[in-house]
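One chain, chain A, appears in both complexes that follow, with chain B as partner in the first and chain C in the second.
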Partner chain A sequence: MNFDFNVLTIHYPAVLDGLLVTLRICLFSLLFGVIDAVFLCLGKLSGRGAGYRVSVFVVDFFRTIPEVVLIFWIYSCLPLLFGARLSAEISGILALSLLVAANVAEIMRAGVQSTNPGQLEAAMSLGIPAHTIWLRIVIPPALQRMSPAFVNFLTELIKATSLLSTIGVAEMVYQANVLGNRTFAYVEFLTLVAAIYFALIFPLSLFVRRAEARLVAQKCR
Partner chain B sequence: MTDKEVVIDCRNVVKTYGSFTALNDVSTSIHRGEVVCVVGPSGSGKSTLLRTCNGLETIQGGTIEVLGQHMPGTRKELETIRRRAGMVFQSFNLFDHMSIRENLVLAPITTLGLDRSTADQRAQDSLDRVGIGNQIDKYPNQLSGGQQQRVAIARALMMQPEVMLFDEPTSALDPEMVGEVLDVMRDLAAQGMTMAVVTHEMGFAREVGDRILFMADGQILVDQPPDTFFTIPTDERLTTFLSKVL
Partner chain C sequence: MAVLDELIEISYGCAVRVALTLTLVAVVAAGVWNLNWDTVLNLDFTGLWRFRVAIVKGFGMTLALTAAAVLCGILLGTLLAIAMQVRFRPLQWLVIGYVETFRNTPILVQLIWIHFALPVITGIPTTAIVSGVIAIVLQASAYFSEIVRAGIQAVPKGYWEASDALGIPVITRWTHVILPPAFRTMIPPLVNMTISFFKTTAILSVLSVGELMTVSGRISNATFKPIEILTLVALIYFVFGWLISLSARKIETAMANREAWR
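Moving on, here comes the complex of A and B:
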C-alpha cells in the first residue's frame, strides 16, 4: 500500500474546515457548559433543598449516559417532543454543553471542597466577610487545584466532538470520511486527522502531567 | 484584677455534639490585661471553649459576651467582634497561596479600609514585632513551623485586637521551635495584651498566666493563680494530670 501524500495536499483545506468546526464546537460547548456548571456546582454545594436535588440529578444523569446516546437523543428526540428540528451543529453543541456542565460542575465542586477548613476558620476569625473569603481564600487555590482535572476533561471533550460526525456535523472526522469516500484515500485522511488530534491533545496532556506534579510538590514542601 | 473591665464572660455555657457534651455548664470570665491559660487532658473541652468565644462553635445553652457583645449576634456583629478578638490556631492556617505580606494585609484592607501603604507599614511593624521582618515577601511553605506560627500571630495583630485567643499554638511545632513562639507570646503578655491560651506548656502557663484553668470532661474543675495551682492542687484529677505532664 502506498501512502499518497498528494491527495492530502489537494484536499487538506476541507480537513482544516473540519478542524475549525471541531474547535468552534468545543469553544461554544465550553462556554455554555461552564456557565451551567457554576450553577450546578453551587446547587450541589448548597447541600439541601430543591436546588441541591435538581443539581445532583442533572450531574448524575449527564455523567452516566454515554455521549453517543445523548447526542442522538437530542438530535432525534427533541424534534419529536417539540416539533422543531435543531441543526446538527446546534444539537451537538447542546449535547456537549450538557456533558461539560455535568462534568465541570463535579470538578469545580471537588476544587472548592478541597479548601483547607482551617484557612476558612482563620479568615472568619479575622472578621473577613463571606464574599471576600470566596474571592480571595476559596476560589484562587480551588482554580489551581482543579486545573489538571479540567484540562483532562477538555481532552475528553475534544475527542467527544468526533462523535458528532454520526449526526452529520461537518467536523474533522466527518470530513475525513467524506474525503475518503470521494478519493478512497481513507487511510491518508484518517491518519492526518489522527495527527491533528494528537497535536491538539498531547500538549494538554503534558500540561496535566506537569500541573499534577506541581500540586504534589506543593503538598510535600 | 476583678475591678478591670470584663473582656470575655461565659455563663453556664453548654456545647453538645449529638449526645456528647463537650462543655457542661461552664462559667468563667477574663478581665482586661489578664492572661488566662487553659490546661487539661485532650478531649476536655479546652479548645471548644476557646472556639465558642470567637463564634467558631455554636452553643446549645448559656451565654457568652465578648467585649460587651452578646455572641454570636448578627453576621455583621460577629464579624466586628472577630476583628477585635484575634485568634491563633494550632495548625497556623496561613493562606498558602498568598505571600506573607498578602496574608497580613488582606483583612485590614478589606475589613478596616486601610490603604495599601498604611497596611504595608503595619505588616512590616507586626512582623518586626514577632522577629521575622525580613520574611515579608516569602510564601508560607518557605518558612519553618515556628516562623509560620509567628506570622499567624502577626496576622492577628494586624487587626490591633483587644484580646488574643491562642488554641494550642505550639502543639504542632517541632520541639526546637516551641521557644520562639512562646517568646513572642510572653512579649505580648508583657505589653499588657489580654490573652486566653489553651496550652500544654506548663512552664509557660506557670510563668505568664495570671490564672490557670484546669478542664476535664467539659467542666472547669480548678481556677487558680499559678503559685497555688501547682503547689496546692485542690482536685484529685488535677493531681493525676500534673503527675503525668510535669
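Moving on, here comes the complex of A and C:
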C-alpha cells in the first residue's frame, strides 16, 4: 500500500471547499447559539418561575440526546411539522445552534455561580449599584473562568459538524467520501481530512490544558 | 448561593422573570400558529407498537455498545495512564500522540477511516459492527485515560512515598495503593463520560450497526413517518441519559455523606 499524493494535489480544492463549509457552520451556529444561551442562562439564574423551569428542561434535554438524533429530527421532522422547506445546511446550523445554546448556557451559569461570595458580600455591603457589580465584579472573572470550558466545547462543536455529512451537507467528511467514491483513494482523503481536523482542534485543546492548569494554580495560591 | 440570589433580586430579578415568561409565551404562540395542523392531527404513535421488538433490540444493542466502550475504555485507559507514569520518554510521547490523535479528530472520521481505509492497508475486511466497536473503544480509551491520569495525579504524594518506604512491589503498589483512591475521586467524571459515550453510540448508525438509531432509520424508511419514531427515539435517549445522570448525583451525595461520617 503506497500513499498517493498525486490524487491529493489534483482534488484538494474540493476538500478546502468542505473546510470552508465546516468553518461557516461553526461560525453561524456559535452566533445563534450564544444568543439563545444568554436567554437560557438568564432563565436558569432567575431561580424560579416558568422561565426557570423551561430553561432547565431545555438545557438538560439538548445536552442529553445524541447530536445525530437532534440533527435527523430537525432535518426530517421540522419541515413536515411547519410546512417549511429547509436546506440541509440550514437545518444543520439550526440543530448545532440548539446544541451550542444548551451547552454554553450551562457553562455561563457555572461561571457566574462560581463568583467568590466574599467579593459579592463586600460589594453589596459597600452599596455598589447592581449593574456595576455585574459589570465589574461578576462578569469579568466569570468570563475568565469560563474560557477553558468554552474552548473545550468549541472543540466538541468542530467535531460535531462532521456529523452533518449524514444529512448531506457538503462539509469536509462529505467531500472526502465523495472523492473517495470517485477515485477509490479512501485512505488518502480520509487521512487528509483527519489531519485537517487535528490541525484545527489541537491548538484549542492545548489552550484548554494551559488555561486549566493556570486556574488550578490560581486556586492553590 | 444566597448572596448571588440577593444580587439577582436587587437587579430587577422580577422584571427579568416576567420578560422571560413573555418571550416564552411568544415563542410557543408563534410555534403553534405556524404548525401544520394536518400533519400534527395525523400523528399516529400507536403504529409504533408493531415495531416494539425491533426497538427494544436496538436499544439493547445501544446499551451493549455503551458497556463495551466504557469497560474496554476504562481498562485500556488505565493502562495508558499507568504507561504515562513510567519514567521513559519515548513511551510517554507515544501515549501522548495516541491520546491526542483520538481526542482531536471526530469519531465519525475515525469510524469511516477504520471501516473503509484500514482494510485497504491491512487487507483484512471488517464488518460494520467490528469497525464500530474498534472505533468507539479506541476513542473511549483515549478519553478515559485522561480521566484516570487526572485521578492518579490527585492521589497525595504521601501514598507514593509510603509505598516506596515500605518496599511494596510495583504491581501491588498500583492495585492496592494508588488506583483505589484514584478511582474514588474519578467517579463523577467517569459517569459523565459514560453518558457521553451513550450518545456516541448513535453515531455508529452511519455504518448500520443495528443500534437504536439504525433501527429508527429503518422504521422511518418503511413507514414514511419519521416524526413518530424519531421523537420516540429522542425521548428514549433522553430518559435513559437522564437516569444515568440522576444515579450519578445519588452516588456523589452518598459518597460525600460517607466521607463526612468518617
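Note that the second predicted complex is superposed on the first by the 221 of 221 C-alpha atoms of A that agree within 3 Å, B and C clash if a C-alpha of one lies under 4 Å from a C-alpha of the other, contacts with A are read in each partner's own complex, and residues count from 1 in each chain.
We adopt the following convention: contacts are C-beta pairs under 8 Å (C-beta built on N, C-alpha and C of every residue); 3 or more make two chains touch, one makes a residue touch a chain.
Computed from a predicted model, the values in this text were never measured in an experiment.
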{"item": "Clash or fit (per the criteria above) of chain B with chain C on chain A", "value": "fit"}
{"item": "Per-residue contact with chain A, leading partner among chain C and chain B", "value": "C"}
{"item": "First (chain B), second (chain C), both or neither touched by A:F198", "value": "second"}
{"item": "Which superposed partner A:S87 touches (first chain B, second chain C, both, neither)", "value": "neither"}
{"item": "Which superposed partner A:G127 touches (first chain B, second chain C, both, neither)", "value": "first"}
{"item": "Superposition-derived angle with apex at the Cα centre of chain A and sides reaching chain B and chain C, degrees in steps of 10", "value": "90"}
{"item": "Contacts of A:Q218 with chain B and chain C, given as first, second, both or neither", "value": "first"}
{"item": "Contacts of A:S165 with chain B and chain C, given as first, second, both or neither", "value": "second"}
{"item": "Partner chain in contact with A:N6 - chain B first, chain C second, else both or neither", "value": "neither"}
{"item": "Lowest inter-chain C-alpha distance for chain C and chain B in the superposed arrangement, angstrom", "value": "7"}
{"item": "Common interface residues of chain A - those touching chain B in one complex and chain C in the other", "value": "121, 124"}
{"item": "Footprint of chain C on chain A - complex, ascending", "value": "1, 39, 42-43, 45-52, 54-55, 60-61, 64-70, 72-73, 76-77, 80-84, 112-113, 115, 117, 120-121, 124, 130-131, 133-134, 138, 155, 158-160, 162-163, 165-166, 173, 176-177, 180, 186-187, 190-191, 193-194, 197-198, 201-202, 205"}
{"item": "Parts of chain B lying in touch with chain A, wherever the complex brings them together", "value": "54-56, 78-83, 85-87, 89, 91-97, 106-107, 110-111, 141, 152, 155-156, 159"}
{"item": "Chain B-touching residues of chain A, taken from the complex the two chains share", "value": "116, 118-119, 121-129, 132, 136-137, 140-141, 144, 218, 221"}
{"item": "List of chain C residues in touch with chain A within their complex", "value": "1, 3-8, 10-13, 16-17, 20-21, 23-24, 34-36, 39-40, 100-101, 103-110, 112-113, 116-117, 120-121, 195, 198-203, 205-206, 213, 217, 220, 226-227, 230-231, 233-234, 237-238, 241-242, 245"}
